[in-house]
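Taking it in order: structure first as structure tokens, then the write-up.
As written, the chain order gives the labels A, B, C and D, with residue 1 at the start of each chain.
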Amino acid sequence: MGLSAKTSFRVRYAETDQMGIVYHANYLVWFEVGRSELFRELNLPYTQFEEQGLGLAVIEASCRYRKPSRYDDELVIITEIDHMSSRTASFSYQVYREETLLAEGKTVHVFLNKEGRPVDVRKYAIWPLLQSILEK
Amino acid sequence: MGLSAKTSFRVRYAETDQMGIVYHANYLVWFEVGRSELFRELNLPYTQFEEQGLGLAVIEASCRYRKPSRYDDELVIITEIDHMSSRTASFSYQVYREETLLAEGKTVHVFLNKEGRPVDVRKYAIWPLLQSILEK
Amino acid sequence: MGLSAKTSFRVRYAETDQMGIVYHANYLVWFEVGRSELFRELNLPYTQFEEQGLGLAVIEASCRYRKPSRYDDELVIITEIDHMSSRTASFSYQVYREETLLAEGKTVHVFLNKEGRPVDVRKYAIWPLLQSILEK
Amino acid sequence: MGLSAKTSFRVRYAETDQMGIVYHANYLVWFEVGRSELFRELNLPYTQFEEQGLGLAVIEASCRYRKPSRYDDELVIITEIDHMSSRTASFSYQVYREETLLAEGKTVHVFLNKEGRPVDVRKYAIWPLLQSILEK
């Protein structure tokens, strides 16, 4: 599909651990920051999903850590939609410090309603907008 | 009032920072763990507040850090109700490693409804139970 | 190998997100809690690794989320050593609420020295102890 | 003194809790983000302190929460040096969403060496730079 977004951010002190590097779970938080930015750039902010009673719950997440990142590093996360259907979506992520790839990951999601049941997004008002984006 | 609870827990690796000690914001998380335990011991688990559409939002929090805590430390948090009325509540906390006081803090709260407006708990089903506890 | 440990803990309010369930990155934190407990039960607390200048850095982490967990849930995490050599180790994790499997995951690690370089643990004082455990 | 910095950032999904608003402990993390930015703008990035074996440990932190912040809010944090000497420092913080003050807080710090003992910064190479800033 090739829909992607680039987000810059700085590593927070709170994100480090006593090994002197970023604690690994924080990369999943950054992936979500990248995902948020991607939706925003597509004029489809994630808040709109939730306003319609839709959630995009994570069912799988994985990350490969290649090099450590450190406090105050200025990082870039590249988020790409791997696949999106009316029921599921998956994204891939790459975290860079300048030209150096630090980590890469993937998340898989399902659309859920407010009760936490899987739903078909085609029944929601957001669908035409989502569809037009996917067709690009 | 003197209502208090004691909770034991171990410091997680994720809670440390690159200074080699626990990152200070985590103490507020621990305070909430202590508060949860206190309500549970009073047979008034916080989940019951939320089931009735009530929240106990933090409006003030403070902590004094006396000695650092470290990964794998076995800590005890003592949580005490300082004051509770039908609209507000305040708690104090002490974090110990064995006999050593590491930190102490305080939080102040208001009761809110689901819309985030301050409410009087006397209008809620939980009130008689809460009142009987406060009278002890 | 079959070396495993069981750890119980309660979900913290801080671990939830506005979907009303536990934010997915926290499972990686719990995995580390399980790993810590496993080492402690093997009489080889992770603090001993670090005292000898050794780290066990995460190079891969993954999680499959089957059912959500919620605030105040009492959970059990089962941590198992999948593989351990003098240079690398991998662990698998299962998170349960009573009989229900909520999530399962895996982490892969390398032993690093203080400078962050991969090392062979056989050169460290901890090795005989580690070896005797692995031979069980 | 009047030395201050302004930092913009967006609320992360991970920072919310099941009340649908930002979990209160995250404000302390944001305060640290503001502090980092302030030092960077003074050409005295906090990494330089640590390179010289100096830490600026938090000994007190407090926050008053006036209005909730929510996922995806674009916030501004204004960080100000209240007081700085060769041994201690204190900062104040204000968190805004556009014109609305959401929270304000304060932290107090001591300079520590690598062993965690209070030190006098005048003995460190960073002092002349720090002094020149303070005299502004």
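Convention: a residue touches a chain if its C-beta (ideal position, glycine included) is under 8 Å from a C-beta of that chain, and two chains touch if they have at least 3 such contacts.
Not measured: the values here are computed from a predicted model.
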Taking shared residue numbers divided by all residue numbers at the interface, is the value for chain A and chain D over half (same) or under half (different)? same
Compute the centre of every chain as the mean of its C-alpha atoms, then state which one is farthest from the centre of chain D. C
Hey, how far is the Cα centre of chain A from the one of chain B, in Å? 33
Counting in whole Å, what is the centre-to-centre distance of chain A and chain D, each centre being its mean C-alpha position? 28
Chain A and chain C, separation of their C-alpha mean positions in angstrom: 24
Contacts with two or more other chains occur in chain B at residues 13-14, 18-19, 21, 25, 29, 32, 71
Can you check the complex and tell me which residues of chain C touch chain D? 13-14, 16-21, 23, 25, 70-71
Per the touch rule above, chain B residues touching chain C in the complex are 10, 12-14, 29, 32-33, 36, 40, 45-47, 71-72
For a test of understanding, state which residues of chain D touch chain B in their complex under the given definition. 18-19, 21, 24-26, 28-29, 32, 50, 55, 57-66, 68, 116
